[in-house]
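Next come two complexes built around chain A: one with chain B, the other with chain C.
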Partner chain A sequence: MNKTAKAYISLFKIRVAESFQYRMAAFSGVLTSLVWAFVDVVAFTAFFRYGDRAKFAGGLTLEQTISHIWVRELLLFLQPFSIDDELLLKINNGDMGLEMCRPLDLYWHWFARSSARCIVMFVMRCLICFAVGFIIPGGYGARSPVSPGAFWLFVPSACCAFWLSSAYGMLVTAVRANIAWGDGPMYFMLLIGQVLSGGYLPLQLWPNFLQPFLLLQPFAGLTDIPARLYIGSMPLSEAWLGMGVQLFWSAAFILLGKRILSCRLRTIAAQGG
Partner chain B sequence: MAQIELSDIRKAFTVRERPEGRWGLLKGAFARHARTVRALDGVSFSIGEGALVGLIGPNGAGKSTTVKIMSGILTPDSGACVIDGRVPWKERVAHVAGIGVVFGQRSQLWWDVPVSDSFSLLRDIYTIPKARYRARLEELTEALEAGSLLTTPARQLSLGQRMRCELIAALLHSPKLLFLDEPTIGLDAVSKLALRGFLKEENRRSGVTILLTTHDMDDVEALCPRVMVIGRGQLLYDGTLGGLKRRYARRDGQDIDEVIAAMYEDLAL
Partner chain C sequence: MGECRLYFRFLRMHLLSGLEYKGWWLMILQVLLTCVLDPLGTILMFARFGSIGPWSMERILLIYAMAVTSFGLAESFCRGFDYFPMKMIRTGDFDRLLLRPRSLFTQAAASFFHIHRLSRPAAGAAMILWCLRRQGIPLTPAHIAMLIMALAGGFGVYAGVLVMTSGIAFFTVKALEWIVVFTNASYQVTRIPKEYMPWLLKNLFTFLVPMLAVSYYPATVICGWGESAWLGWLALPAGGAFLGAAVLVWRVGVRHYKSAGS
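Coming up: the complex of A and B.
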């Protein structure tokens, strides 16, 4: 194996080990989001039963919508909600410069670390969500994937979502490292990501004329595309398009993130001492 | 050519400050004063292989800045610096692969995992062959008596224990050069003595070049045949500690700290 790749994999592993200490944080996060998901499910059930069906132009059924909500909960930690707290601390206190004492590319060094954190949160949360969301009776729980084929395309697409989310997280981190005046822009970027990923409302329930844009924009790949494959609202024959979109935007975010970070590194000064 | 060559290195920082006075806060919101601090103002020196050099000077003199420039994490405004044939900030990755750095006030260990995990990560980062790594780790833990610390997370170590682990981390890949910025800060007498003994032995045995900054003159006295004094961003003295004493001592047998204080006074630092 390539020697440098081994270093990044070790970084990933050590961060995974470190992150398992945040069990409680993950657990309480899951509780909140389970409550939200449940409220969503109940609200959509009411809409579908008593509301004007014509307003839901997307053509999703109630079952599909509910499954979408639970799959979204499952994948939620693949959406960047904040940037890695350890990296944020290093950016703020100037230790970022010290990271350059290591013979590594800072971008991939940080990528390995922040994605490790992300995957741990995801795994812990996944187990709980699965236990709850897929067992709840009475039509409020998620259905199984529409077909075995859908499941086997959902899995790689979820992996792409993880890659995309790490790349976007790093882009936000790089932007954050470039501005000395606070967290505002960072939260704004993250919020855009959450909304456009379908995290609040499945993208297929948005107005019809927006649909082509919504599918091709960068954030659909975070949750909506894998969820579409799962619930069968994206034909399996179009899975290549979905994953293509995910990989295209991952590459774009990586290139941009690298560019912005190296820009910062040219002027960096390790503070203090 | 010497292992380390610095010539006429300059580095200025811009510090933004708020105007003083009653309306300072308000004025500051609109117009910020930018003041330039000349941290290094033309520093030149060279250090040969296997040397043990102490860099001293009052607070804010520019010691840490010098170390950062030599470590490749800070780019100077002008001047040349060549270390082992490389310009640190231009070939950063290749440069840092061959040096070890410890900043006494910062930790470079991973906080939440056992120290030994940090070490094996470093093994992968510096691509140290397994057998060499094991032998080296054993050698270093023995010399620094750190065997019992390996299973503890860095966060739970005391300052002196952590410093010993930082040193092991910096030396695992057997660098040819070691930069230490205030390695003895906050250590008790026993730990200090142990650390000095270790550094001296390491220098003698493996021939590693060591440059350390400190405010403890006993460190310099015990370790460094050569001292450099830096003040106001300039190199003010470069020679032996004995020579420095002879030049600045006001009476015979004067305490070394008093001599240094007298020197800082003489040089109007």
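Coming up: the complex of A and C.
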């Protein structure tokens, strides 16, 4: 292993150790996730049980939808809610100039940093929330994957989702590095990612005519594709397609992100003193 | 009176400095899009599943819109309290407010203002009007009075949540995420028809944080869904009482303030 790789790994470790210190914050996050999931589960149950057209609705079953909600909470750390707050600060106050002095590739350095943050959120919030979901009774709780095969395809697909999420986060960070535009474009990109990831509503409950588009667009890979494998609404024989979509878009985001960042660095304007 | 002038001078200053950024209109667009897309899940579910008994999409969205508009108003005009834990306590900037011979409450409330936050109440108000129209309910003076009162009460409730958060922030700044339960997550609860709402959620949002008192009950009075009318008129007193309680928490917090900055 060469020195550069070691540097990235230790950056990753520092960030993880740093973020693990806030245990109360994690508890608070778990509570929020649980309430959010619970409200969604109750709302969907009302639709499935009492909706006038519930019998002919198609899409997913109630059990699948509830499982989807809990898987969404498990993969919440992949949702593009924000970019790394420390990187944002560095961009805003001019410390970005300092970052450029390091003998590391800025893109991969930041990539390691921001994906470390996600890992912490996964362990301290998502995993705990999902575990609590399992003990909720009355059909409202989380369920195990439909089959062992589904589980063993869900895991690699979730890893692809992690890669995709980090790549997209870096693309947004690279765009945000253009300070003069403020926060607008960044939030715009984050929002589109959140909606199309299936976090608002499982993509298979969207209108039927949109389905081919929804599967192939980049953000399905963040939550919906792993969740489909988990709840069994995507045949296991089609898993290669799902993961192919995820990897394709990851590669596209990385290439684009690197390009935008390097263009940006050529005419960098450091803010602050 | 002087405090009021100060508040609006602050707002004007923040407004003008915000307009210096090239992308400021993008933010308005972005928040507007967020607000339009937020009920998207509900709308698509109604499209697929149809109404839930008497609960049509227009009814549910009306209750939702009243809560969202209230939240938007509070978030726009008490933005300072929204940012308070991170940008005032954590950095120690609150010290500076203490040095000025003006009301702390006004200064804190006006310490931030972002024009794009107004998109939420604007979108919410448009949705209220659309829902009323779709249900064929005319805007009589009595209905307008009820709406304004409900929104004023709602402003009190959500401003109260933000002020209370700021009060708690004097003791801890890191573990405040649960407050989302009473802000952005709270109006998601309005998507559930009242009969099917679990006991816990219903009581939590009626008696602890009176969110349903400023959304569901006024809406039922305007549209006549058979709850008794005086419950709707409770919106303003409930909102006022909650804000009052929040101010007390804030005062306790201020008294315990120990500077944090360097």
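Basically, the second predicted complex is superposed on the first by the 256 of 273 C-alpha atoms of A that agree within 3 Å, B and C clash if a C-alpha of one lies under 4 Å from a C-alpha of the other, contacts with A are read in each partner's own complex, and residues count from 1 in each chain.
Convention: a residue touches a chain if its C-beta (ideal position, glycine included) is under 8 Å from a C-beta of that chain, and two chains touch if they have at least 3 such contacts.
Quantities reported herein were computed from a predicted structural model and do not represent experimental measurements.
In the overlay built on the shared chain, the residue A:Pro103 is in contact with chain B alone; chain C does not reach it. Look at A:Asp95: by the touch rule set out above, it reaches chain B but stays clear of chain C.
In the superposed pair of complexes, A:Ala7 makes contact with chain B only, with no contact to chain C.
Applying the stated contact rule after C-alpha superposition, one finds that A:Ser28 touches chain C and leaves chain B untouched. By the document's definition of touching, of the two partners only chain B reaches A:Glu18; chain C does not. Once the two structures are superposed, chain B and chain C can be ranked by residues of chain A touched, with C on top.
In the superposition on chain A, contact is made by A:Ala46 with chain C only, not with chain B.
Once the two complexes are laid over each other on the shared chain, residue contacts for A:Ile135 go to neither chain B nor chain C.
In the superposed model, A:Leu191 makes contact with chain C only, not with chain B.
Shared interface residues of chain A (contacting chain B in one complex, chain C in the other): none. Residue ranges of chain C in contact with chain A, taken from their complex: 21-27, 29-31, 33-34, 37-38, 40-42, 44-45, 47-53, 172, 174-178, 180-181, 185, 188-189, 191-193, 196-198, 201. Interface of chain B with chain A (complex): residues 13, 64, 67-68, 71-75, 92-94, 96-97, 101, 103, 105-106, 108, 110-113, 117-118, 120-121, 124-127, 181-182. For chain A in complex with chain B, the touching residues are 3, 6-7, 9-11, 14, 17-18, 21, 95, 97-98, 100-105, 266, 268-270, 272-273. Residues of chain A that touch chain C in their complex: 22, 24-25, 27-29, 31-32, 35-36, 38-40, 42-48, 50-54, 57-59, 180-185, 187-188, 191, 195, 200-201, 205-207.
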